[in-house]
Amino acid sequence: MSKLADPIAATAAGPVRREKLARALFRFRQSRLSLLGAAIVALVLFFALLGSVLAPYPDDVRGSVSTAARFLAPSAAHPFGTNEVGQDVLSLTMAGTTVSVLAGFGVVIIGSLLGTLVGAVAGFAGGLVDEALMRFTDLVLTIPSLILAMAIAAALGPGFENMVLAISLSWWPGYARLVRGEVLAAREEVYVTAARAIGASPARVLFRHILPNCLSPIIVKMSLDMGFAILTVAGLGFIGIGVRPPTPEWGTLLSTARSYMPDYWWTAMAPGMAMFLAVFGFNLLGDGLRDVLDPRGRR
Amino acid sequence: MSEALLEIRDLHLTMSSFDGLAHVLNGVDLTVRRGEVWGVVGESGCGKSLTGLSISRLVPTPPARYPQGSIRFEGEDLMRLAPHRMQALRGKRIGMIFQDPTTNLNPTVRIGEQLVDVALAAASHDPSLLDDATPQQFGRRRQARDLAARLLERVGIPDAQARLASYPHEFSGGMRQRVLIAMALIGRPDLLIADEPTTALDVSVQAQILKLIQSMVADHDIGVILITHNLGVVAETCTHVAVMYAGNVVETGPVAAVIERPAHPYTRALMAAIPMRDTPRGQLQGLPGVVPDLIRPPPGCRFAPRCDRATAECRARFPGTGPVAPGHAVACYHPVRQPKIADG
Amino acid sequence: MVEPILEIQGVRKTYPARRSLFGRSAAVDALKGVSLAVTPGESFGLVGESGSGKTTLTRSILRLEAPTAGRILFKGEDMARLGPKALRTLRARIQIVFQDPYASLNPRMTVEEIVSEPMLVHRDILRLDRAGRRDRAAELLALVGLSTQHLARNPHEFSGGQRQRIGIARALAAGPELLLLDEPTSALDVSVQAQVLNLLIDLQDRLGLTYLFISHDLAVVRYLCDRVALIHSGVLVEEGPTREIFDAPQSDYARMLLGAAPKVRVPPATPSG
Amino acid sequence: MLQFILRRILLLIPVIFGLTIIMFVIARLLPGDPVGLAAGANATQAERQALATEFGLDRPIWAQYGTYVAGLARGDLGRSLLTRRPVAQDIATYLPATLELVLAALALAVILGVPLGLLTALWRNRWPDYLSQVVAIGAISMPRFFLGLLLQLVFAMWLMWLPLGGRLPIIVFPPHKVTGFLTIDALLSGNGTIFVTALRHLAMPTIALSLSPLATIMRMMRASAIEVMGQDYVTTARALGLPRRKIVTKVIARNAFSATLTVIGLYFGWLLGGTVLVETVFDWPGLGLYATKAIVSQDMMPVIGVALVSGLIFVVANLLIDTAYGLINPKVRYA
């Protein structure tokens, strides 16, 4: 297909930055899916901040029990019923958002920082450094991430911080490979060669020319990873390592609910659906961001 | 004057894009007869490639639309043809070659197999195609393979039978373009459309490919449309030329006439911008201004804004195509009628 | 004899065989001993087809690659023996304009940032503050036929010809003496190419620049260059004043190349109309 | 081709070596209390000291590593406090169950994912495509273990169509062991009824495990098919009259699949990780369940052993996938 007419000569003056933002926002609004994703993520973040405060039964969240209210079926008072110690399942789930989202952020931020560092150095330095770092990254990737996280969590012992660290240590290779690929591709771009020909220092070339153009794919991966990190955190909680009760966490809630199936099945519904909704929201948002941010996607 | 092989009449094409509706083709007229090699020349964005693709109806019609105009192939209007009948024409009656040999061959399939597929597709509409290759009892695929080998030899690929088993990445750019020419001609089409066939090749390889196309035309007495932005290629390969600007054919005629006595201001500007043998340093005349925005095209003649001969009439209404010499026509109210320009 | 601004003495470049996971690729001799000299203020044409080694030579001159053997002298100084600091200041005096207008400008930077980057990188020599750089950038844009209103724009908002002008403005920003032009107009339409070629000629006359013009397009080289060198698979086949090379080519390769280039004239044996 | 495989096998050695280093670091060096973990929570100080000297934890690092690797060479992956049996033996018994589940899930994901991806690519931007995109993202977002619980609740507890969990009813004798895969062994010994029962037990865990990879492979295949459809050689194929059916199969599907294949290799590792949760939900006696039980009771060695073996399986699987990729995409062979 031939290229259509060359891009129209420089458009009318007017503030340029606002116009670029408008075009990006327009494309984001275009896909209703990403709007839905953004709405869900907003809801999840809202509950992450105020979950335990807004919960209809705040004292349940703090661990108070009332055997009389054991296993009440879903009703107006308890939309998702109560659990084996009479606590309102909805309140626990709302409070549980905080732990899951916080852990998710922790994993994604530590993982992306560590991975970007390794990937950028490997991609930019090349040669032996690249070979060594990448062999190590591939090595960590050979061990399935959930099992590796379990092994590290087992070694470190239970607790929120250990769990986040365990998952992050098995999470960074994904970013390392992504960033290395992006840096290698960017290094070949003509404008990078131009910068080096001008005499720009390697640091300037890396931080002013290469990394800014690698930012979008990293941001897209971070938003997608938020969902998967929440899943992994809940997974570890489900098999019993992670947060110690009474802190409410979706995985542990689901695990305890499991033993009371099928008679009191409703105790599992709230945490399970909360997990699904949170991950669904981040995935939709990630997809939407990819269409808007990733220049390659658009080119 | 043999009956026209291809007749494009007043073809309009609009393409919807993020910024609005682009009026890409603004009434293209072109007539090609057997034995004629038409050079369709113009700068990027003039619509030459889209014209070529429109003939085989390869332009996807969700973004593109054809508000008016017809494309008659041996009298039959392709715009009204049912999709399956159109597909029957492709490869069998209309062959195509594209620009970049590195991306036009299926990287995961052997050359022989790709040639055989095209031959079988063509033979399904005209079984006799395979018969003169090898006798029938060997089976159609074997016949197609032999035909493919013969074609590869014909386009100058050494030990063709062995090379059938090679993959595209085992050939050089020039060789791949030869394979593509063989593929385009294996179905024995009557019309060959070549979209910038040599632009991606080195000058030395380009010359060989152009000579090859000329000899294939002479062998099969077919009509050719050679789309290019290089007037030199047209001068040395084509019998006729159609100059396009911003969606219109502004000048057509035999190559010699148009090159020696260009009548349309744009054709003249184009030739003045090409460094010739004796153009003194610094005397090259660039064409000021920019190609018009096809979303809000200027009324009347689209070249008027950049034309030093433009009058109110030009800016008001689009000039019809009028003759300046036998077979030499131009779409301009004030064509230039002058003696020969100095030798190129 | 005027001292040459750039001298290439017996430069060779061999890329070692790469042992990839799936097999060995043979060693490649990209340059087999190339020698040439460019005198100040001259336009020197280097013509070669793909795989001729002209890109390797360009990268070696810019010290983006180190030649396997031979020396490259800029105003008599051997560039290989320069320390990192000296090499950086040397880079301010040699600049390059690339072929692909769409890939040679950083998509995330504004025109002002692009054009003033050389001034920023070499601020120790140019000693321009932010405002000074901005004014000089506007001045350079005007010099290449663009306006200050374009400073705040990004590359994707310009046509091919305009981007090439921005590339030229950037190359002039650090006040170079030698400009390497790597096929600067081959990606442009003929009418736009003519404007850029004339701009280059005008800039050379006004600023006394020296051009090393790399191209595969003989007509453009003949129009712009005083001397021409033909390079074929790493070997310098022929060199001399443009008129002589084009009118009386000595080597078979030169004759073949000149014959193959399509010319806009009615060929003697015109196929019947 | 053979040379390529041999070279890849040689590459296994440094990988195995590297894996042992990582596992050693986790087992011994992380700030946790390896001795305490190895000795078990309620062990006395004397017992802990005995264990420390037995494992040589007081000796220099490299010496410890020496004994650790020497042990590995002899296939000694340490002892499980829980099962009292050597870890290596446990892993040998539980490995086939995990492999059967993972391979079944991968097969389902590829068999359904690839064609679905191709179809949605061919019908892109029409309502079935939009719907499939939302469903795919939904499937990716569904937590495997929650899906397992839902399947159990509906199909096992309420509708009673499928068994709640496990590989075979206790009363049924497993078929003669050849591959360790119950379904295949049942077929080999010609026992139809056991084959059907084994299949019914395999159904729900496979669905729970494969839903997310299936959706991902579908989206991957769709993305690469769309990219292939934009390539010049597809336009050439259409321009030269190839029938649509042949263009879809021979041009689009083949090129898109060869791009998706490399990702399927990576996905194998993800599946190995995923089994941990699905096995827990369905009491599926595989490595995942074994590791989960061990980890909950602070029994370190089994978790380390499972991680090591999973790593090896992943590397071997990727070797097979890369070889297949070499066969399909000739360019790679003559790189």
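Labels A, B, C and D are assigned to the chains in the order they are written; within every chain, residues are numbered from 1.
As a convention for this text, contacts are C-beta pairs under 8 Å (C-beta built on N, C-alpha and C of every residue); 3 or more make two chains touch, one makes a residue touch a chain.
Because the structure is predicted, anything quoted here is derived from the model rather than measured.
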Query = Chain pair with the most contact pairs?
reply = A-D
Query = Whose C-alpha centre lies nearest the centre of all protein C-alpha atoms?
reply = A
Ask   = Cα centroid separation between chain A and chain D, in whole Å?
value = 23
Task = Would you mind pulling out the distance in Å between where the CA atoms of chain A average out and where those of chain B do?
result = 51
Request  = Report, in whole Å, the distance between the mean C-alpha point of chain B and the mean C-alpha point of chain C.
outcome  = 33
Request  = Please list all residues of chain D that touch 2 or more other chains.
outcome  = 235, 334
Note = Each of the following residues of chain A touches two or more other chains, namely 1, 6, 9
Query = Going by the touch rule set out above, which residues of chain B reach two or more other chains?
reply = 44, 290
Query = Tell me, which parts of chain B touch chain D in their complex?
reply = 56, 58, 62, 87-92, 95-96, 98, 100, 103-109, 117-118, 121-122, 124, 167, 169-170, 180, 183-184, 187
Task = Quick one: which bits of chain D touch chain A in the complex? Just the residue numbers, please.
result = 14-15, 18-19, 22-23, 26-27, 30-34, 37, 133-134, 137-138, 140-146, 149-150, 152-153, 157-158, 235, 266, 269-274, 276-277, 280-281, 291-292, 294-296, 298, 300, 303-304, 306-308, 310-311, 314-315
Request  = Show which residues of chain A lie in contact with chain D when the two form their complex.
outcome  = 1, 33, 135-136, 139-148, 150-157, 227, 231, 234-235, 238-241, 254, 258, 261-262, 265, 268, 271-272, 275-276, 279-280, 283-284, 287
Note = Note: in the complex, chain B contacts chain C through residues 37, 43-44, 202-204, 206-207, 210, 214, 229-233, 235-237, 239-240, 254-256, 259-260, 269-271, 273-277, 279, 281-282, 284-288, 290, 327, 343-344
Task = Show which residues of chain C lie in contact with chain B when the two form their complex.
result = 49-50, 159, 189-195, 197-198, 201-202, 216, 218-220, 222-224, 246, 256-257, 259-267, 270-273
